[in-house]
Amino acid sequence: MKLLQINGVTIDDTYAEAFPIWVSRVIITGATKYWAHQAATEATGFATSCIGCAAEAGIDYYVSPEESPDGRPGYAILICNPSKKKLKEQLIERVGECVLTAPTSAVFNGIVDAPEKIPVKLHFFGDGYEHQLKVGGRDVWAIPIMGGEFIGEEEFGVVQGVAGGNFFVMAENQMAALAAAEAAVDAISGVRGAICSFPGGIVGSGSKVGSNKYKFMKASTNELYCPTLKDKVANSKVPNGVGGIFEIVIDGVDAKAVGTAMKVGINAASRIPGMKFISAGNYGGKLGPHQFKLHSLF
Amino acid sequence: MKLLQINGVTIDDTYAEAFPIWVSRVIITGATKYWAHQAATEATGFATSCIGCAAEAGIDYYVSPEESPDGRPGYAILICNPSKKKLKEQLIERVGECVLTAPTSAVFNGIVDAPEKIPVKLHFFGDGYEHQLKVGGRDVWAIPIMGGEFIGEEEFGVVQGVAGGNFFVMAENQMAALAAAEAAVDAISGVRGAICSFPGGIVGSGSKVGSNKYKFMKASTNELYCPTLKDKVANSKVPNGVGGIFEIVIDGVDAKAVGTAMKVGINAASRIPGMKFISAGNYGGKLGPHQFKLHSLF
Amino acid sequence: MKLLQINGVTIDDTYAEAFPIWVSRVIITGATKYWAHQAATEATGFATSCIGCAAEAGIDYYVSPEESPDGRPGYAILICNPSKKKLKEQLIERVGECVLTAPTSAVFNGIVDAPEKIPVKLHFFGDGYEHQLKVGGRDVWAIPIMGGEFIGEEEFGVVQGVAGGNFFVMAENQMAALAAAEAAVDAISGVRGAICSFPGGIVGSGSKVGSNKYKFMKASTNELYCPTLKDKVANSKVPNGVGGIFEIVIDGVDAKAVGTAMKVGINAASRIPGMKFISAGNYGGKLGPHQFKLHSLF
Amino acid sequence: MKLLQINGVTIDDTYAEAFPIWVSRVIITGATKYWAHQAATEATGFATSCIGCAAEAGIDYYVSPEESPDGRPGYAILICNPSKKKLKEQLIERVGECVLTAPTSAVFNGIVDAPEKIPVKLHFFGDGYEHQLKVGGRDVWAIPIMGGEFIGEEEFGVVQGVAGGNFFVMAENQMAALAAAEAAVDAISGVRGAICSFPGGIVGSGSKVGSNKYKFMKASTNELYCPTLKDKVANSKVPNGVGGIFEIVIDGVDAKAVGTAMKVGINAASRIPGMKFISAGNYGGKLGPHQFKLHSLF
C-alpha cells in the first residue's frame, strides 16, 4: 500500500465510487441576501439522497449583486436526480412551491450554456395576467403576485453530472470527527459546481447498498465502519484508535468539481486535532462507474 | 361593517378559511443546538404546501436540555398531511433521510398523549445490529452508525389538526409588508403547536383555489389581492394606498394553537410602520370547514 | 475525595472562585427579532473580561413580543463592571453607540425592581427636538432620528451580582472539549440572569491571576491546565487521557443564577462523547470571595 | 443641478465628507468557519464610531482555507482609529481579549505589504512557555493554552485609510429604507477593504457634528434629515414623500475601497421598491478633507 499523509493524517489507498446524475442549477435572487437564502434553504430541503428523497439538492454558491442576472443578491442551488424526467418534476415542484412562494424572490437558469434545457412553466400561475420581458438579457415572465411581481426564467439547463463522490473522516472520537467533517464542508462550500446534500453537509449514518438481514431495505448501516461494532463484526474497517466516523457525500456538475471538492475537503478535515484516517466508500461497482482515487487527488 | 383597529391598523371583518390535516410532532435532539437545528431544517424543507409538496412542515419550538427526552438540546417539528397514509410515508422518509442521517441526532415522539400512533420502523437500518433500550423512560432503538449510535423512538403520535389558518398583511409598499410579515412570524414562533411552513414563514404569492384561464392548475395567483393588478381587475380587494401584501399561513395541532398564532401574529404585524390593513383568505368553503373570524380573535 | 459522576464524567471535588460585580440589564427591542439581535450583538461585543475590556457583557435572554415593554421582539443583555462608575460610563457608551444607532431599536430598563438606578441621558442626542411619553407604562423619551423615532428609558436598575462563576470541561481532545463547552453554553442560554461573556460563550485560553515570568501582566496562561505542558510543568492538573480543556465563565445577577448556570452547563457538557473530567478555577481568594462548590450544585 | 437616476432612484448632486483614519487588518482563523466568525464578531463589537467607542471595526471578508495563512477558514477584520497610538491599544486589547480567548482561533497580519507595522506582544501571555515557529511562511508564536496552542503573529500592518464614507437611503417609509440599507450592506460585504461598522452595517440615527442646544455633545441628531421633523424645522432636507432614512457609513483601507463600496451599495439600495432618493452627509469640512461626489461614482 502506498502511504500518503496530509497534515499528518493517513489517506487510505482507495477510491470513492460515484454514479451519473442529472443536474440543474437554479439561481434564486431576493431583495436581500437573507431572503434569497430563505428561499434557497426551503428549495433544497428534504433532499439528502435519492434513496428516499425525490431529489438531491444543496446550495452551490452565493451570487453577488454584480454577478446576478437582476443585480440582486442570490444563491445558486443544484437539484439532482438520476432520472431526467424526475428532475423535471422536481424542478417544477421545488421552484413552484419553494421559490415562487418565497417573499421577493426571482429565479434564473444557472447553467446558461447547457446543451439541453428543461422547461418549467411557472407562468401559468399568473392565470393570464402574466407578461414577458427581458431582465439581464434573459427572457423572463413577470407574474403578478400579492407581494408585487415574480420574475422567472422558464428554461433550466441540465447536464450530466456526478453523484456520490465521498470520503470518510475518522477521528479519535465522535466530536473530533464531526469537527473535521464540518471543516470539510466549510471548504467545499467554496467550490463552485459541488454540493453536500446531507444535513449540514454531513452524513452521520453512512450506508451500504442493500441489507443482509432485511432484504426489503435499499440501504442499511455500513457495519464495517461502525465504531461500536469494531469488535463484533468480522473484517471491521474501523482503524485502531478511531471512535467516530462521518461521511461527506458530494454531488457535482462534473467529475472535476467533485474531485476538487474532495481534495479541499480532505485537506481541511486533516487539519483538525484528533483526526486519524481518511478513507472512502466503494461498492464493487454496485453504486456506479465513477472512481475517485484519493491518492490521485493530491 | 364592524370597525376594529389594532395599533392603528384596520382589521378586516372577515375570516380565514382552514381545513383539517393530520399532524405529527417529531422531537429532534443533537449534541448541540446547532446540529439539532441543521437536522430540523433539512427535515422540514420542501414542505410549504401540500398542493405541490408531499407534506407541510416547519419548526414548532426549541426544546431545552431540561425538557428534552435525552437531556440534549432539540427542536420539535410538525409534519402535516391531509392523508394519514401520506403522513406516514412522509414521517418515514423525512425522519429516515433527514434525521437518521444527520450528525449526532436522535428522534422522539412529540405528542405523547395522542390517541393514535404512526409506526416508523427505523431500526431496520441497523441490519440486525440494532438493540432496544430505554431513554428518558421511552422505548427506543439504538442503531449502530458510523458516527456512533442513533437513538430513536419508532411510534409518533398523530392528531387531527388545522391547516390553512391565515391572514394577509397589507402595507404601503412591499418592504413594509415584508417587515410586518417577518414580525408576525417572529411572534408566532413563540406559540407551541403552530408553524408557518412557507419560506421564512411567509407566502409571497398567495393563491386562490384553481385557475380561471388554465383549468389544469390546482392553484393560481389571487389576482384580487395583487397590487399591480388593482386597476386591471374588477373588484380588486387591494385597499387604496396599499402597495405590498404578504400572506401568513399557519398549520397547527388544533384550532386553539392556530387562533393564538393568528392573534399574536396580527398584533406583531400591526406594529410595523407603514402597515395599513389586515385581512384573511376564504374561498366559500372550497378550501375547508374551519373559520377563524379575525375580529373574534381580539 | 468524594467521588461524583454526572453522566459518567467525574466532577472534581473543588470550587469555582468568583467575585462581586455591578450588573445592569438592558432590554433592546427591534422591529424584528433579527434587528433586535443585531443591536444586542454590537452592544455586547468587545466585552469578554474586565482585565482588558471596559465591561463584561452578553445576551441574557430573548424577550417575546408578549413580554416586551413595547410589544416588539427583543433581547435582554447584561452589562457588568466591578466599578459602579465604570458601569455607568459603559451603559452610556454601549447604549448610546450601539443601540441608539441601531436601526428600529428601542431600549428599556431590564431590572425594574432594583433598589438603585443609573441615569443614562440619551435624550440630549435629540438636540431639543425630543419629547417624553409613556410606553408600556414606562417613562421614555422619543428622540427624532433619521429612521423615525428612537424610544428609550433613561434609568437602568443596577444590582450587585457575581462574576467569574466557572468550570473547566476536559475531554480526550480539543474538539470533544469544544463540543462539550458549546453544549454547556447552549444550556446556560436558557438560564435567565446569567451570561457567558467570552466569544461564543467559551474561553479558549483560561488564565491565572498575574504571571510568574512577566510581572507586568495582569493575567497569563494557566500552565497547570495546558495539555501541551502536561509533561513540562510540575504538578500539572491535566488528568491522564485529557487532550483539550475549555473554560466556561459565567456572570450573573446573583449567586443563584450563576449556580444554576453552572449546574445546567455541567450537566450538558457531561453528555458529550469523549468528555472525561470537569473541574473549576480558584485562586486562593486572590480573585474574590464567592465560592461555588461543584459537588454542592447537584 | 445635474440629474442622475440609478434604477429610477434620484441620486443627489452632493458629496460624502470623510476623514483619514489609521487602519489595521487582522486575519482570524478557526477550526471551522463558525468559530472564526464568533471570534471576529466579538473582536469587532462595541466599535461603531470613535465618537464613543475606542475603535471602529467590522468584518471585511471571509478568508477561505486556500487563501488563509494556516489553511483554516477565517475572517479578515478591520480595526480603525484616527490615532495611531489608540489603534495600537485597541489592537492589543481586541486581539488579546477577543481572539486569543476564542476557542481554536489563530491570528495573522492582514496587510502584509504595509510600510509600517504595529507590534502586539501576545506572547507574554505564555508566561515563558511560548515558542516561535513558522506558519505559512510567517513568524508566529505558539502559546500553550487550555484549548491547545494559540498561534499568532505579533506585527500588524497599518495604513492610512479613509473613514466616514457615507450615503443616505431615503424611501417612502422606514421599512423600505431599512431593506434598502440592508441590501446596500449585503453588496458592500463583497468589497475587500471596506467595512460598515454600525449595527448590522446600518446607522439608524445619523448625526451632525456637535449640538445646537446641548453644547457638551460631540454629536447630535441630524434634524434636517429627520422625517418626523420635516414640518418642524426650517430647511428640512427630507424630500416630499420620504418617510424613512438610514445612513450607511463606510471605513476603508483607502479611498478606492470606500468609493467602490459606496457605488455598489447605492446600486443595490436603488433596486428596492419604495426607494425615492439617495444623498450623502457633509459638514463643510468640519468632519474631514475627503470628498466622494455621488455622481462621480457612476
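Note that the chains are named A, B, C and D in the order they appear, and that numbering of residues resets to 1 at the start of each chain.
One rule holds in what follows: contacts are C-beta pairs under 8 Å (C-beta built on N, C-alpha and C of every residue); 3 or more make two chains touch, one makes a residue touch a chain.
Quick caveat, the model's predicted, so the values are computed rather than measured.
The interface with the greater number of C-beta contacts, when C-D is set against A-D, is C-D. Of all chains, the one whose Cα centroid sits at the greatest distance from that of chain D is B. Chain B and chain D have Cα centroids separated by 38 Å. Inter-chain centre distance (chain C to chain D, centres taken as mean C-alpha positions): 26 Å. With centres defined as mean CA coordinates, chain D is found 34 Å away from chain A. Counting only residues that touch two or more partner chains, chain C has 31, 34, 148, 174-175, 178-179, 244, 272-273. Those residues of chain A whose C-beta lies close enough to touch chain B in the complex are 31, 35, 38-39, 41-49, 51-54, 92-94, 96-105, 124-129, 143-150, 168, 174-175, 177-178, 181, 198-200, 202-207, 211-214, 216-217, 219-223, 225-229, 232-233, 244-247. Every residue of chain C that touches chain B in the complex is listed here, in rising order: 7, 31-34, 64-66, 70-73, 148, 179, 182-183, 186-187, 190, 264, 267-268, 271-273.
Against chain C, the residues of chain A that register as touching in their complex are 34, 171-176, 178-180, 243-244, 272-274.
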